[in-house]
Structure formats: structure tokens, C-alpha cells
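A, B, C and D label the chains in the order they appear, each numbered from 1.
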Amino acid sequence: MDKEFITRGVKRCSGGKFLLWLTPWALLLAFGLYSAALVLIKGLNQTNMDNRFAFGLWIFLDLTVIALGAGAFFTGFLLYILKIDDLKAVINSAVVIGLVCYSGAVCVLAVDVGQPLRAWFTFWYPNVHSMLTEVTFCISCYLTVLAIEYLPIVLKNRRLREVPSMLVFEHELHKLIYVLAGVGTFLSFFHQGSLGGLYGVLRGRPFAFREGLALWPSTFFLFIISAAAVGPSFILLTTWLVEKISRKKLVKPEVPGLLARVSGLMLAVYVLAKTVDTLVWLNRTSPDRGFQGWQYYSWRPFGTWILFAEIVAFGLVPALILLSPKLRAHAGWRLSAAAMACCGVALNRFVMTVQTLALPTLSFDPFMSYYPSWQEVGTFLAVVAYGVLVYSFSFRYFQLFPQERDLRVQAPPQREESELVTAGRY
Amino acid sequence: MNARYGMTIDIDRCNGCGACMVACAVENNIPPAHAGANDRKGLTWIRVYKVDNGKEYPERRSAFVPVLCQQCGNETPCAHVCPQQAVDVDPKTGVVGQMPERCLGCRYCMAACPYHARYFNWWDPAWPKGMEKTLNPSVAPRMRGVVEKCNFCHGRWHEARERAAANGLAASEPVDYVPACVEACPAGAIRFGNLNDSTSEVAHKSKEPDSFRLLEKLGTDPKIYYHSKRDWVKTIAEAPRPGAGKENVRG
Amino acid sequence: MRGTILFLAGLTAALGAGWIAFPKVLYRHSPQPVDFSHKVHAEKAGQKCEDCHAFRDDGSFAGIPSLEKCSGCHAAAMGTTAAEKNFIEHYVTPNREPEWQDYAQQPENVWFSHATHVKRASMKCETCHGSIGSAGTLPAYRVDPVSGYSRDVMSMDACVNCHWQKGTEHSCLDCHK
Amino acid sequence: MTTRRDLFKIAGGAAVGALLTPAPWRMITDGALWSENWPGIPRPARGEIRAKFTNCTLCPAGCAMKARCVGDQPISIAGVAGHPLSHGALCPYGIAGHHLPYHPERLLSGAVEDAAAAIKKGIGEGGRIAVFDTRPGRTASWTYRRAMASLPGGLYLRPEAALNGDAVDLSAARTVLSFGVPLLDGWGTPGNVIQARGNFRLIQVEAIESRTAAMADVWLPTNPGEERAIASLILNGGMDHIARELEDGPVLVLGPEDWPEIVELNRKYGALGRTIVSRRDAPVPDTWKDAAPEMEWADAAEGSIRVLLIDETAPGAYVPWHSIETRLSRDAVVVAFTATRDGYARHAQFALATAVFPEALDDIPAAVDSPAGVFRLSTSMVPSAAWTIDPAMFIAQLAGIDAASALRDRADAICRSARGNVFHYADQKSTPMKAMKADAFWKSLNEGACWIDDLDPKAHAPQLVARAATRASNVSLVETCGAGLVSPLFSKLHEESHVRLARHEIALNPAVGFCDGERVALQTDCGRIAMTVLLDPSIPPGSIQTATGADVLDLCGGATGAKVVRI
């Protein structure tokens, strides 16, 4: 049925199997859309957010997802700007992941605001001092860039190539790709930063406030570095996951190693910077504003353990693992380290968003806690489902892993047999 | 000559009756609590907190602290972060204005405000049947999904300016008016006026040694001055001290 | 070539729809209850705007006069025009307020003070209301059903421009409430 | 023939074209504008803004009010500056009083005819009829007394009079010793108390740090029920640090008046005649003199009343139902005139809906802290609903007397007395009664004015008498508005913050072992009521704090001790 759409020379599972795989995700998406609709129609009273917890699960999700999606721009940067050609093997997959993460984040943002119909005000009456303006502009621009980067992947599809004009179009786009990568990298760097700035500028929240380097608070740069660090790690994980699920070899063995090395390197830099930043903040920034550093960590359950977990357990440790060639070579170590790195950054985003709001600022404030409502969780799951669906389609019909074909050709025939038997789930 | 509207609140005079909170809601067309609203999802532009000296009964002593928008004058945190200029500081009055019809409800300003003086409209405003007849025409109707806060009763400010114009007075601050909470406070604990006018009562009181501002060290230069002769009350101006037992269960 | 023609065809069609059809479809027209003539009142009765559109004692602006004011002169029919007949029959006699539709009615969230503009800044009515005061008939009232605002209401840009030129633009809450 | 590609081209052209027209941009803008005022959001009425003056009837203080009205509809209320009694102050209940007519829980209509029939039947069978009036001294009260006088065996019952009807002159006091009296939180006229507050030291003896205790110069925390012991200790020269404070007179001692100690302390420190003074009430027409005497409900014979008419339109002291019940005969008919289901309506066969503030026209007698007699009206600012009835008119009809012009008649009587002064709210000027004609007086009363009597030159020092004493309870009741109805905006003080306890909310010390928001029952020997726990460390473990309300008062009224039990 859809055979003629599938890339030449790669094996994909039967349409039936594919549908079977899609169904649960489609259902999840439907449920998610329902809860999102509830929020949009009935208003944000459907969530468990309140005046003290003005931000909740969704902002945490946005920041995390976007950090993980950073693989797209950073790989692009390494490939097209620094010319590390081995990364061609994953760039398409990275772009798809980036697209999924960013578009998902934008959709959630639209649900998260009280008056989505006025979202465009930010473009018409922008407040140039606001980090959120920066974020909005960069995200929307970068999303366009990602869409354009995604086009050639689509256009490479067998059937579409039969249309000559499309072929030309795709060719033109390809010339553009370097420009796009450049622009994309710049935008993405910038708004990963502004996402960090988002909290760093909150002078009213000494827990989040950081002193500025040049125009931006230190969190601006920390977010960039940490995003660059986990981006590759996340690609590492997803690639491995797809290989497992589709039971196929998708990239040459040296590629994961390379990704791991890059990730480790960036992570090490991040841990160093983060440590310095934390020390400055604890000993100068915060006390200067009348808040003693220790007090933040005396509100259960947010003890100093969270600081340790963020910087050492999920920062330094994975960095060292990824940096050591021996451990890195071992898939188990490599993947768990990558996973840890992702958790570390997720934890960092959690601290910046949720803990910041939970901590009291007035002496007669209580310590606040918050649990998301099912509508919030539902919307969150919708993004996950949406991501899986888009990726599944892209993987089935487009060439996300250029090396897949060659790897199949090289593969010894009997494995060919076996593969025909258990013809992958995709 | 620009004005700098501000308030002095004498904590030693406040017995926490709540007249200011009710008067504020009446003046600004704020609806009664929607079913499901609680002390974390409510709309109380001015809110009276009960604070205590952290000791146990019978040494425990309490005081009532009305907290409203502190009208920060220096790098106003909320105005600084709003992505679409829904918050601005009026140079002529120093009042931090919030524009519900420009606000998209991102709540970034609420995260930015250290005083929790900003409130989000979680529900569509609704009044018991007939009660909408008592709405104040000088203040816009409320709407769902936007952030709001105290603006020193701008409806009254508009009226005062119109009166002045009608009486042929020149356009100049300060105009002659007081916010609803000031008018309502039976104990006269809240005073309102122009801090730039050295002859005004607020200017005097704000300079007294017993006057203090909340979280002054943040450097946001708030325009609400609190006043108390009790030393333990003065400590509420500082950052929280975990374990000092300063848990606030009332207010 | 053919492609270009087709493209241009689509383009022109859309342009036509957007510029000509759309405004017609969007705005709902509704006539005023009475065919009132400012011209007649200005010339015959020799009245100035503020004779009918008066300020109240508290400095606020009364806007469109109430039936009471009209009945002051129009207790009985003055003249034989259909409009007059209609007015007397349907409003004066049953003492029913005409549901005038206010072209210049600002949104609820706007505080517009006539006193500030007319008395302090001594602006002319025509500056904002144009020639309506000398028009022989009332133009149809056109309202945007989506926003619920009159088509002829002064837009914020217009306010801001003037305030900006006069250097009286300070903050949103100067005009919003 | 057109191919799919052609359609693409046309569509492309159309898309580009559309972007060059106002249509898409208009729609985007309209979307935002629509969000400014989407359906269902009420618009405030426009119109001329006027000021109207009246007096509050929500509690016996009767503070002067200035209402800001659009047309005739009050939209906000403030005090009247310079008022000699209320000094421009209002409590939160008064400030939002104009919402009461729209209260969702307001009592709507009632079976008036059936009630009338039942009453007539009751009287016909020769039973005693009685009116129980929660706020005596009003002109309506006089109407009831006249009506009862003209009915065979008619009784006029009232709650126990504070200070036996004598008044407190706070301005004269230098030291006030209060045993759990909410002096600064709803006791007298707020403005008057605050005005006087600067001149006296306040010593508060109370188990809980109430609003008054928190603002007192000295707070003596006691164990619940020990207040009386402390009183007698002070009386017998113990606690000399307090005794020393009391040296600084004039002294005023406030507390449950049924304690002999309070009376004794006031005698000992010479309060009587100085801070506690006897008051002349506003004159009444001579023709009313044959009205039935005031009788305290407690003096009515057990099981004697066949028909009881309760007027709780003007909230005052609440008498727990179980002590009223004992006065009723077995087949008694009880009719409550009220605006709420929460009060005596719960026990009456007939609850007849009445007008509420600011619908009703009524007068407010002098408050406990007003040494001079007063006469002021609460005018009808908004028309009262058609289905409401005026209890005074109803009862007057029952007795076949004419009371339609009672208020006017009394005003004229006051005018004839030519005593005192009239304070006009609009211009804040006083004119002597002598200088006013009856019509002018009546006019200004309706436009907002207050007649204040001269102090009685030959006033005798009041004689307090102690009643049979009840033991103090461990329940501290904080006043919610006497009127069952409170503006819906009080959610700001209840749900949306915890400034005041909501009804059926109970404040407990965390150490007691309940958790926040837990459903519990407050239990006394009179029964139990379900409550919601609010933890408050400032409440001592032995004590309970909850908001008043008829049912709670029924529960705790005569009770000596209450306990909280899980349900």
C-alpha cells in the first residue's frame, strides 16, 4: 500500500504493524488534546497552578524539552559550521527531534497563557527589556528555520522526488542549508540563553537572580552550555532507542562515540561554570539582597541534596564517564551517562522553575507545594505522543539515518534472512 | 512637578478587620470567590496577613499586616519582565499600572513579584444575580485569564482629574483623592499621599525611625512604608528565617 | 505562462474579496431610531453642541441627551416631517427613551473625559467628531459584531498620536481604566 | 483541463492576495478585541454619580453612611466624616452592606396568609401572644408594644439589655479592664471606640489573643473559664500590677454582665456615673405611653406563650433557641420575620421574608457607647422587593392599630421636645433642635441626619445588678455580622484569605492533633455542628475559636464547655 513511499533500500514493517504501533500514541494524543481543550475553553482554573505557583509543570516541561531538542542546533552547528562530517549520520534525526520539541513547546505555551488570542501582542508591542520577548521571538523564528530544515528531508521522499519542480526546490534548499544552520544556531543559542535569563533576571526572587555578564545574567550562558551538553546525549539515547525498537543498525559505531565525546566535553564545561556561578551566588549575589544562601536549602524537601544531585551526581559523574574513552566505548556506560546528563539538566530546569516559586520571599510567607492536575499531565502527555507520532512517520517515510542503507548492504546475508523474518517493528 | 504617590501603613493601628479588603473589592469590581477559589486562587489586591513573633502561647503576640502592590520605583520587577508592555510605571505619579486588556496572562510578572501582590483571574468574573447593578462604572469590568493588581484606585484618580479639569484647574499632580482602602480603614492606619511633597503626612511618616519597607534590600524602592514601634514587628521586613516558626496560617 | 495567469487570477480574486466584499460582510449596519438632523437643530434652533450634549454638575459628560431634554421643545410635533411624526408617536408620547447608538462610544476599558479635552485643552468638538454636528441626516451605525465596537469609534492609535504630539502621553492608565 | 498543480497555483495566488488585504489582520485584531469583552461579563451601568446619606442597620451601632450612587443605585459606601458618633468609620460589613438585597441565600417570600391565619387561630383559642424583638428601642419596637398592649395577654419580649440599658462613656475612661469583651472588634460604634482608644489604656483578660487582645496595652492570657477567678482576685486586691493600673481612673470594667465581680469592680473603681452613665432615650408621642412594658425574655413564664412573633430584621443580641423554647406552650405558633433562613427561621413554622438594608426604612436606637439618646433613620435607598413584608405593619394590622406614620410621629415628638442638636451629613453641620420645624427635621432625617440628645442634667448614677451567673466557656466566638446575610464579597476575608473565620470554620491549635481543612464536629451538651478545621498556633490548646452564627450560638449559648470530635 504505502510501499512506494518508503525510501529505496531500507526495510520497513508492514502497514498493519505500523498502524498497530501508532494506535496507543494516537489515543494518548487524543486524551491530551481533550485536556488541553478543557483548559483553553474553561480557563486555567482547570490546572492546579495558583497565584503563588504561577508557573507549573508546563514551564518545567518547556524548558526541559527545549534543552533536549538542542541537539538539533548543536549538531547542525558542529556539522555545517565546524564541519564534523561524521554527524551527517544523525543530523536528519536531530532536526526531526528539534522540530518536535520546539513545536511541542510552543503548543504548550499557547495553552499555558490565559489569553492565547493576544499572544501576537508580543510581536506588535514588544517590551525589549523582557527575556520572554526574546524567547518568543527566537522560538518562533527558530521553529520556522527548523521547518525549512525539515523540508528537504520530506522532499527526499521517493514519490515527491518524481515531481521535477520539487527536486529543483530541494536542491535550492540544500544550497541554503549552511545559511539555515548558521541562522538556526544563532537563534537557538540565543533563546536557550534567554530561557535561562528568564529566571536569572528575577531580582525579586533572590533564589533565581544572578548577576549579569555583559547584557545577560549568568544563567543565560549556563543554559546555552547545558543545552549544548545534553543535546547530543539525547540524540545518543533516541538513536539507540530507535535502533532497539526497529531492530536495525542505523549509524556507524564511531558516531555514538563522537556524540558522547562532544556531550561529555560540554557537560564538563557546564559543571565547571555552574560550580563557579553557584559559589558566587551563594556568597555574594544572594547575601547582598538580604537572603542568606543556607536558608534556601532549609525548606524540606529541597535540601542541599538537590544542589549535589544537580552538579555532582548528574553533572560531574556523567561528564567524567563520557570523557573517559574506555567507559565511553562501552554502550551501557555511555547510554546511562547520557541519561544521567539529561536528568541533570531536567533537574536544573526544575529547580529554576518550581523551586524558585516554592520558596518564600516574605518573612511571613509559607513554603508552598504544588501538584499538577490531570489536565496538566494530559497536555504534557499530548506533547510526548505528538513527538512519537511525528518521529515515527518521519522514520518510516523519510531517510533519517543516511547510513542505514549502506549498513544494510554491508550486513552479512544470513542476518538479512533473520531480519526478513522479524522484519522490524517499523 | 511629578508626584510620587505612596502609602504609610501603621501596623500598630491595624486590628485586621478586613475593611480595606472589602472596600477594595467593591471599588474595583472584583467578583466574590468563584466556587473552588481558595486563599491561593483568590483575588485580593490588598490582603491582610496575620504575623506573629514566632513564640509559643502565651508569649505569642500577633499583628496584622496589609500587603498590596508595593509600587516599586526602581527597576520595577514586574514592568521589567512583561513581554508586551502590559505593565508600565507612570512617570507623573510613580504608580505601577497593570493593563488587563493588554495582558496575555503569561504570569511572568507574578513570578517576578517578591510581594505576591499580583493576582491572576482564574475564572470568568461572576456575580450573584442582581449584584452586577452595584458595579463601579469608573473601573473596567474584569476578565478571565489576565493578571491584576492594586493601582492605587486609578478609577478615583481619573475622577479626581476630571473634577479638577471641570473646575478649571491646571493639569498637575498630585490630584486630590484617596484610594478605597485608605477611605475604608476605620482605624486610619493607612495614609496616602505624595512622597515627593515634603509637607505631606506620608512624606513625614515615611521618614520616621519606626518606618520600614518590606524586603528593602532587594533594591526595588517600594512606595509602601510600614510603621510599628514593636521591634519584633520590624523583623517582618527581612527575608524569611526558616525554623524561626514564622508560619502564617491566617491571612 | 499559464501558471502565471492562474496565479494572478487567484491573487486578484483574493484582493477583491478582501478589500471590497469583506468590509461589507463584516460590519453590521443598523439605523438610528429617529432620523435626527443636527443641521436643522443647528440652523433653525440655532443651538450649539453643548446646549444638548451637556456636562453634568460633577464634571462628567452626559453625552446623548435623554428624551426629557428633547421633550422640552418637542412636547408636541414641530413640523410635519415623517421623522418628527415617528419621534412623537413612538418616543415622546409613550415617553420611551430612543435607543440611540453611539458612534463614538469608547470601550468599557477606556476612561475618556470630555472635561479634560474640552475644558482644559479647549479642543473643538469637530476635532474628534468631525462634521456630524452639521450633517443633515444621521449616518447608519456600523458595528463590528466580533469586537462589538462601532466602526467609527476613535482608535487607540488616533488618541496616542495626538497625545504624543502634545507631549501628554505618559502611561496606559492615563486613558485606560 | 485543470490539473492539481493549477489549483495549487490559484491557491498560492489567493493566499498571497489575501495577505495584502485587511481581512486576515482585521480578524486577528478582532479576536483580541473580542477577548476584551467576551459574552457573559456584566457591564457597569453608566449615569450621573450622586451621593446619598443614610445610617447602617446591620448592627446596633448604626454608623452614618455616605453612599455613592449611579442614578439611585448605591455602588459603594463610605463613612460620614466628622460625625459626632461614628467619626467617619465603617466596619467591613457596612462597607459592603449595599450588596445584601442581591444575596443568593436571601429568604424569598413566605406564606404570609397561612401565617396570619395560624396566628389568628392561636389568639382565638385564647393563647398568649408575644413579640420577641432582637433590637428594642426602635420605633417599630414601640409599635409592637402598642400592638401587644391592645391584644389580650400580649407580651413584648426583648433580649437581656446590655448594662441594663445604661450607656458607656468611653471618652471619659482612662483605664479599661475588659474580660473577653471584643471592645475593638464589633463591641460598640467602631469610630467612637477608635476615637476614644487614644485616651485609655486597655487591659484585656482573655484566653485567646483576639483582635482586641492583640491591640490591647496589656493582654492577660488565661485558661478558659478562669476569667471570673481573675476578676475576683483583682477585686480582692490580688494581682497588684493590674490593681496599680486601675489606680489611674476613671476606670471602666467590661465583661459578661451576669458576673457579680464585674458589677463590684465597677462600683469599687467608681465607674458608675462616670464611665457608665444612664441615658435618656429619644422621646415618643404621649399617645404611645400606654404601650406594653418591655419584658426580658427570661422573665416570661415557662410554657406560657401560644403565639410568638420574632422580629430579627434588626440584628441585636441573640437568645439561644433552647431558652426561648421553654417559654412556648406545646402547640405554639412561631413566626419569624427575617431575611435569612439561618436565624430563628430554622425553628419557626412560618418564616416571612422581610426587606434588608438598604431597602427598609427603619430607625436605629442609641448604641451602648452613646451616652446621649439619638434618633436616626436608615432610609430606603433601593425599592424593597414586592414579596417582602414590613413586620411592624403586619403586627400593627394584627392588633388593628395604625402605625403607618409611626416614624414621622416620633420625629415630631422629638422636635416638640426641642432638646439636642441635629447633625446634617451633607454639610456636616449641626443645628439645634429648637431652630428646626417638624417638616424640615423630617426632611433632613430622610436626607441623612442624626438627632443627638443633650446629656441629661439630672441623670442619676446607674445601678448595675448582677444576674445569676453562668460559667465561662472555652469557646471564643468571633463576631460575624449579626445579620444572617453578609455581602458575598466577604469571601475575600473567608475563602480567599483567612483574615476572618468563615461560618462553620473552627480555629484550633496544631498541637490538638487535627489537620487543616479536616471535617470535625463541635460538640456541647446542646448538640453538635459539623465544622472545618483551620490550624492556628495562636489559639491555645485548651481553647476553640469559631465564628458566630445563629446555629453556633444555639449550640454554645448556654453551654459551659465545648469539645471537638472527629466525624
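Things to note:
The working rule: a contact is a pair of C-beta atoms (placed from the backbone, for glycine too) under 8 Å apart; a residue touches a chain by one contact, two chains touch by 3 or more.
Only a predicted model underlies this, so the values are computations on that prediction, with no experimental measurement involved.
Interface comparison, A-D versus B-D: the higher count of C-beta contacts falls to B-D.
Comparing each chain's Cα centroid with the centroid of every protein Cα atom identifies chain B as the most central.
Averaging Cα coordinates per chain places chain A and chain D 62 Å apart.
Centre to centre, using the average C-alpha position, chain B and chain D are separated by 29 Å.
Averaging Cα coordinates per chain places chain B and chain C 38 Å apart.
Chain geometry summary: the mean Cα position of chain C and that of chain D are 49 Å apart. Residue positions of chain C touching 2 or more other chains: 58, 60, 107-109. Residue positions of chain B touching 2 or more other chains, listed in rising order: 38, 41-42, 85-86, 101-102, 124, 139, 141, 145, 247, 249.
For chain D, the set of residues that touch two or more other chains comprises 31, 34-37, 43-44, 49. Across the assembly, chains come into contact as A-B, A-D, B-C, B-D, C-D.
Considering their complex, residues 15-19, 21-27, 29-30, 32-33, 37-39, 41-44, 47-48, 50, 52, 56-58, 60-64, 101, 124-137, 139, 141-143, 145, 180, 183-184, 186-188, 245, 247, 249-251 of chain B touch chain D.
Contacts from chain C toward chain D in the complex involve residues 2-3, 6-15, 17-19, 22-23, 26, 56, 58, 60, 62, 107-109, 144, 146-149. Taken together, the chain A residues at the contact with chain B in this complex read 43-45, 49-55, 112-116, 118-119, 121-122, 124-127, 129-133, 136, 198, 201-206, 288-292, 295, 298-299, 356-357, 360-366, 368. Touching chain B in their complex are the following residues of chain C: 55, 58-60, 107-109, 111, 113, 115-116, 119-120, 168, 170-174, 176-177. Chain B makes touch with chain C in their complex at residues 85-86, 88-93, 95, 97, 99-102, 138-141, 151, 154-155, 157-158, 161-163, 165-168, 170-171.
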